[in-house]
Amino acid sequence: MYGVGLIKGLGVTIKNLILPGRQFTIHQYPDRKIGPIGLARMEGKNPLAFALSRPGETLKAMMGLVSVPDKRQDQHPRFRGEEFSWYDNRCTGCASCAKYCPLGIIKIVTSPSETAMQEGDKYAIDVFDIDIGRCMFCGLCVEACPYDALHMGSGFEEGTYTRAELVINVDMLKAAPKKPSQWFRPQLTSQNYNPLDSDGKEASSQDVHRHEKPSQSDQEKTWGQR
Amino acid sequence: MHEIQTAGILDFGSLERFFQRVLPDSLDRFAFFIAAFTLAFIVINVMVQTTAVYTWFERRVLGRFQGRLGPNRWGPFGMLQPIADLIKLMTKEDMVPKIADRWSFNLAPIILVFPTLLVVAVIPFGPDSFLGRLNIGILFVLGVTSVNTIAIFMAGWGSANKYAMLGAMRGVAMLVSYEVPMALGVVGVLILSGSLAMSDIVIQQNVPFLIVQPLGFLIFIAAASAEMSRTPFDQIEAESELGSGYNTEYSSMKFGMLFLGEFMAPLVTGMIVTTLFLSGTRGFDPIPGQVWFVGKTFAVVFALLWVRATWPRLRVDQIMAFAWKGLFGMALVNIFLIAVEVAVFQDDAGKISTNSLWIMSAINWAIAIGVIVAVANILGQPNLERPTPVPSPLANMYAEAD
Amino acid sequence: MAVKTEPVTINLGPQHPSTHGVFRLRVKFDGEVVLDVEPVFGYLHRGTEKLAESRTYVQIVTLTDRLDYTASMSNNLSYVLAVEKLAGIEAPERAQYIRVICAELARISSHLMATGFLLNDLGAFATPLMYCFRERERILDLFEMLCGARITVSYMRPGGVLQDPPDDFWPALTRINDDLPQYFDELESLITGNEIVLARTRDVGTISAEHAINASISGPILRATGVQWDVRRADPYEIYDRLDFDIPIGAVGDTFDRYLVRIQEMRESVKIIRQCIEQTPDGPYRADAPWFIRAPEGDAYAAVEGPKGELGFYMVSDGDISPYRCKIRAPSFINLTALTDMLVGWKMGDLITIFGSLDVVLGEVDR
């Protein structure tokens, strides 16, 4: 009473204003403004030496005009993004994903095409449309995939100007970067594969394998028994 | 006729004399107008620019208070953001509701901005104000600022919108009520300084009046923040209740004008508070008075921002009760106190020495705390102690199911 | 001269800053005083219950995320419990602990949002809201670690949880759990003692215990009236009977009590999470349940103590792979029962505050 609570509240807000650790719930995306000291640190130099060697840039940074790409996104490798990584050589066209999708937005058309001597019949995927305009990225299709062919991706910048562009077809899926999220893929976690690494390493179809690939002799044994 | 001592500021009188000297005798009668236009040009431009900077300052500081970044994209530290805002506002469609009262709807933004600009003319930025040593400066301020009550009511009425109407009605009731404690809060200053001229008030402040009469300062700042509708008294806009209050229906540059008036008000209030209570342009010597003035103004503005970032809003009836039951009484006590002290401490020439001012400060601070405690006791809620929670016998979650 | 006045009807919403979504109140005002309130809702109706009838049991999990989107984990838990009861699936112990941790985290995040928006409704210009969101973001980061999403989590499955938490989850959880009480202290020193908040919330929108029970209100609003009723204690599900926690209650049943109960519940949640971290056993995280569950004919009702109140799912099965009927007892919707009685007679500012203190989420009200 007597305004003590009001003054205590003022103390809390000024603490949040001044204490550096308390600032910025929000980060600017995709780039952020950086000051002269931060710029020098990014270059791995002493701020003073940096200021002497490149005074122009330091001045610009002091004016708050330098922005750098923000690499501080603490996105977890398990993040389910708005894209899919699909390995066509793993897909058998079983359409489990289409069946499990709660919204029915996956369309698969297959045709019997070739026969792989070792692994049995294979279907060619003619149509594989995912309408991500209606997708809610629940990941049930990924959960359903028995051959680890479909994976969630980590990207989330999928905005387009028309709804028609939001339908991902089989060519786009083939061309998309193969950076599967660790979501529901413990084999990627155990390999320490991080889709968010900036070096652009893609996971091969062997990496996303849930089981050990059977050796040649094992395969011969299996097929020999038939 | 008072003599101009320094060239610290160009005031209306000296401007007019200057133009009279420059112009040929036959054109002397135009000197008045030229001087007036020059002055108006300076005042309006300086104020609009400062307001632009202030909007950036407010959004930036408020962002920091809330753990946000605030505008930081365009220009150094986002300082060009006001320009972007302006372009956005200007390119928006100017919509007028079909059933709006067009005259009052269109006039309201102008009427809202004008008084705030007019006030600046009497603020002493140096030894004198723009209008020279206007001997009724403080009366001018009090009178002119009350005009915006009409503007807010015009905006609310003209919008033909129920939210705007509610906001305007609240606004009129509140602004009229807070005129009283505001004026009474200033009376203490007038008694101490013995003058209505703003520049004389500055000269009299050997000790800043904030220290001499804290009660008067509190009353004035509370009333002023109500006058410009800032938290905890932002009933006129009350964005969580009324959407945007009286300016709900405004768009484009008309909204820009309302916005301008709204953001200019804290600046002008900061200036008045600086003049009346923080000894205006006075400070230590190497730094010029104008810098002191701007610094103090922004300190006041920052304090207002700090309050805005922290406190919630009071309810309508609580605000009115605070004005009439709290601030009004406190103002009367303050006036009485200052009057008695002036009668006791002033010497034969009617002057009060600096030492006496310090003694007065000590007495006033003690009494101020007492008065605040008393008012809090009267206005505060009677039963502060909450009953201890007792589980209701109506339900027993440990009972076995039947 | 008597001035003739007449009441004015104002439509608060569906587009209004303080309706927490697309709620609409048709309010009759006498000046500032509320004479009559008529709630209008359904703007966010998506037919969740009907949609559930044409989906398999696992697919419905994704629908439950979208009910109370501030606490999707609680919705998941309630639904999953109902299905487990219906199909006779037993979740492993580890999964039960993980689910309780998630539900309590969801409770904290939901209560933080409720507190922040209550203060926003009081006019505190988003500062407490931003502070609350700061802590909520950290909790959402934890959810992202668990299941890759922050809001629409879809983490739980009948018979367990989708995935075992990653290795970095447990240290992060412990760190946040240790930090949270300090943030609650800070929040309380900003709000609880604030005289303006007290003046605005105390003895405002009071509802009696009897009235609350008669209107079948549940959750923090019921407990604020002094009724000590919590599904976690009254009908323990998962492993709540092994945990030690208090059920905070209020004294008067006003807006301030609702706020206080929420703050205390968050502290209790932190206590629960701490115990869960200590007790969580190793083992499987998901029972061997089929993907297409074929529940035997019959019905089941399971309720959890969600952040807003008793959140229950009533499932009827006819032996197919999708439920025959799914009825959701949405606490936000039922808590609105007493809205009119709470609001009439108060002023416009109080209307906003009382409505904010009810903490409704329109995704749940309209379903």
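For reference, chains read A, B and C in written order, and residue numbers begin at 1 within each chain.
Methods note: a contact is a pair of C-beta atoms (placed from the backbone, for glycine too) under 8 Å apart; a residue touches a chain by one contact, two chains touch by 3 or more.
All values reported here derive from a predicted model rather than from experimental measurement.
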item: Category of the chain touch graph - line, ring, star, complete, other; value: complete
item: Chain centroid nearest the full-protein CA centroid; value: C
item: Chain B-chain C separation of Cα centroids, rounded to whole Å; value: 43
item: Chain A-chain B separation of Cα centroids, rounded to whole Å; value: 52
item: Rounded Å distance, chain A centre to chain C centre (Cα mean); value: 30
item: Multi-chain contact residues (two or more partners), chain C; value: 127, 130-131, 134, 190, 194-198
item: Multi-chain contact residues (two or more partners), chain B; value: 65-68, 309-311, 380
item: Numbers and ranges of chain A residues touching at least 2 other chains; value: 1, 3, 6, 9, 12-13, 16, 25
item: Complex contact set, residues of chain A against chain B; value: 1-3, 6, 9-10, 12-14, 16-17, 22-26, 28, 33, 63-65
item: Sites on chain C touched by chain A in the complex; value: 55, 58-63, 65, 127, 130-131, 133-134, 137, 141, 144-149, 152, 154, 162-164, 166, 186, 189-198, 291
item: Chain B residues within the chain C interface of the complex; value: 62, 65-68, 162-163, 166, 170, 231-232, 234, 238-243, 308-318, 380-381, 386-392, 394-398
item: Chain C - residues contacting chain B, complex; value: 8, 10, 16-18, 29, 32, 119-127, 130-131, 134, 190, 194-200, 202-203, 209-210, 213, 225-230, 233-234, 247-252, 347-352
item: Touching residues (chain side chain B, partner chain A) in the complex; value: 61, 64-69, 72, 75-78, 306-307, 309-311, 372-373, 376, 380, 384
